[in-house]
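The two complexes that follow have subunit A in common; it is paired with subunit B in the first and with subunit C in the second.
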Partner chain A sequence: MSDDIILPSATSMSTLTISDVSRTGFGYNPSVGTASNSITSETSNILLNRKTISLTPTSANSIYDKNVSSKKITEISLSSLSFLFCEIVNWSHKNSKGIQDLETRLNGLGYQIGQRFLELTKLREGFKNSKREIRIIEVLQFIHGSFWKSIFGRAANDLEKSQDVSNEYMIIDNAPLVSRFISIPKDYGNLNCSAFMAGIIEGALDSASFQADVTAHSVPVDGYPSRTVFLIKFHESLMVRESLRFG
Partner chain B sequence: MSSYYFSIIGTRDNPLYEVEFSSFKSSSSSSSTPPGISQFTDSVKEILPFVSNSSLDLIEDAQWSTSQFNLGRIDSFYGLLVYAFITQGNIKFILCFESSTTNNGNVTQKYDENSIKQFFIEINDLYVKCLLNPFYAVNDAITSPDFDLKVKLLAKKYL
Partner chain C sequence: MKVYSIYILNKAGGLIYQNDVNPGLTKLTANDYLVLAGTLHGVHAIASKLSINIDGMESHQESTANANSALLVSGRSQDANNNKSGLQSIETDLFNLYVFQTLTGIKFIIITSPNPGELKKSYDSANEVFKQLYIVYSDYVMKDPFYSLDMPIKSFLFDTKVKEFVT
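And then the complex of A and B:
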């Protein structure tokens, strides 16, 4: 077959190999390329007649049939979230070698959530009244505003720019949701479990290609003992891009 | 009956998903082939991934100069038109197709930019749903048969 010579340049071939053939005729195989899911007369017939077919065990109740863009706010119980997060911290703590490592682990767990919520929040805003964020200050306002709102139910308390360093910004939350019921023992020093939330911010910024390092720091004030400052340090290359484009 | 090549490109310029199909709205039903089967010749088939990947530079340039999701028509290559769409998470959707049909010699099809845009918007919806799967990581190839089916249904609906 002449199609065999076309190979995609994908490095991550996941688990499918060149000899895997879909039984149903649907499903993309990166090792084979477009020949793997090209429309045949059989699949064309299915598509035309809207036959319901069961491709996977979950086809009948697939995520693809659900509406994820509804504006209705779905709430979950705070106590179950807290218990879950408590176990997450516990589990990460058991595997970690120290406080720094624990924070890195929490950060990594949040990272994936950030990547997903970035796209989801943009989808929910709708295309008519939304735009792609291309400037640093706008993406920060988006994170501080609607992004925070879609995850935690309210906007963050403050967004500040560092006075000394040009590529540092701060998002401040007076009472971070995940660490509401967490108190840090004295011998754990400056551990802040909101590193998880810092990870969420980092994931969102990174995938929007605003590469940044985000860290969480406890800065308690009167009345807000768990007030947390998320320090966002953008990479230098980003400042160059910004000044070239909008300077 | 014009053919289309659609691909999703990840943040590391890696293909996540590709599909070839042709318009299901064929007026000339006299042809023996069932609708949907791509009509690209072998020589065009070969260059399709190259054409869409070579437009990535143009997409990257447009990415930081406009805040639109839909970039519209960004490139053309000897009669192949390239339309692109970019998500907030830097995933590019690229649609490649031939600008005119030569079946009847003088027929030039008009392309509805709106239906292409609508196609992209719905693909974005599907992509986000795929991303919500905790076992799917950003930049993995999308191998789900359900996703494939939905994309083809959208292709049938809009193109």
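And then the complex of A and C:
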């Protein structure tokens, strides 16, 4: 019994030559079937003679080669970010056991970004201007302001303190960047994909020694359907530290 | 031109979105909407086969062989079988219907108020609606992780955005 490998475009490798004439020319043609992918003199000619632009980042001003401490704002496409995030959510969703688990996973992915991005933001502030925030309110203002600006391009919309619980604070964003195009289906309950952003905040806060749990909650208002409240719950020990230090 | 209703058909002719954005049309049953969508899909496909072919089959074959170099030079498909807009509009005394098919085979259909004016002008305004619709579709449907391809669109953000530009 012969073990010929069945190639999709020809019965065997030897029949696939450069002088094969495809009736339809270049590219896959569903009406012809798999044979349309074979190489012809016409298509090889096109491929060999066509002027091309190299997409490999070799030039010095490519985004990959820029100095990390550069203060110049680097922009990336919102579309590619959205598609990537879309796939992140899909992938986490596939692996998760439920809605709660999905949020935890997104939070975990964001957490690592937060830890790293805190370092980068501090580096970009410069050695002279940069200082370490040691009070809760200061670190929150930093997250709400310059940290948010460096990662999402603008400051968050609001920073609030809970009136009932002393260790709860809220950062409010009217249109979170990552979930701008996402609508949560009704059967997903109160899932909020900005859990990813909550993870970023949590990572940054933890890294700055402000241990906290951060969760994202949708609180839509008129005109801002994806308005999100990031609830920051600091650990009790932190409140003790704060009162010891500053009375 | 007032847009009464917006339909979106997937590439197999299934109705994946139907929204009466402005009142004016009588409601049909859910089944009738599906039948209407399927019929339009079929008519569109058949209409795209209607073509004047003076030189017969041979020249047709030749033209497909050069189609690719032409495609690479001009960036436009000139293959007779590719993405031909079979049916673009239906005009009646009571409503106008415009069809726009994307390169991927998704059909956007809008039903508007009849506008007995210049024909080109109504085409242009219909095209403007299609352009907006396509942008909103690409943003709020394609970038939604909870949407699976070719399935009915349930995104409320998409609904809101569609309403924003037609009203």
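Keep in mind that, in the parts below, the second predicted complex is superposed on the first by the 181 of 247 C-alpha atoms of A that agree within 3 Å, B and C clash if a C-alpha of one lies under 4 Å from a C-alpha of the other, contacts with A are read in each partner's own complex, and residues count from 1 in each chain.
Convention: a residue touches a chain if its C-beta (ideal position, glycine included) is under 8 Å from a C-beta of that chain, and two chains touch if they have at least 3 such contacts.
Note that the structure is a prediction, hence the values are computed from the model and not measured.
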item	value
Touched partner set for A:E133, first subunit B, second subunit C, both or neither	first
Subunit B versus subunit C as contact partner of A:A155, first or second or both or neither	neither
Which superposed partner A:M170 touches (first subunit B, second subunit C, both, neither)	neither
First, second, both or neither for A:C86, with subunit B first and subunit C second	second
First (subunit B), second (subunit C), both or neither touched by A:M239	neither
Which partner reaches more residues of subunit A (counting touched residues only), subunit B or subunit C	B
First (subunit B), second (subunit C), both or neither touched by A:I99	neither
Contacts of A:Y188 with subunit B and subunit C, given as first, second, both or neither	second
Subunit B and subunit C footprints on subunit A, overlapping residues	24, 26-27, 43, 50
List of subunit B residues in touch with subunit A within their complex	5, 11, 14-15, 17-22, 24, 33-38, 42, 45-46, 48-49, 63-70, 86-90, 121, 124-134, 137-150, 152-153, 156
Complex contacts: residues of subunit C adjacent to subunit A	61, 64-69, 71-72, 81, 139-140, 143-146, 154-158, 160
Parts of subunit A lying in touch with subunit B, wherever the complex brings them together	2-3, 5-6, 8-14, 16, 22, 24, 26-30, 33-34, 37-41, 43-45, 47-48, 50, 53, 55-56, 58-59, 62-64, 66, 68-69, 112, 115-116, 118-120, 122-123, 127, 131-134, 207-209, 241, 245
Complex contact set, residues of subunit A against subunit C	23-27, 31, 42-43, 46, 50, 79, 82-83, 85-87, 89-90, 93, 181-185, 188, 193, 225-226
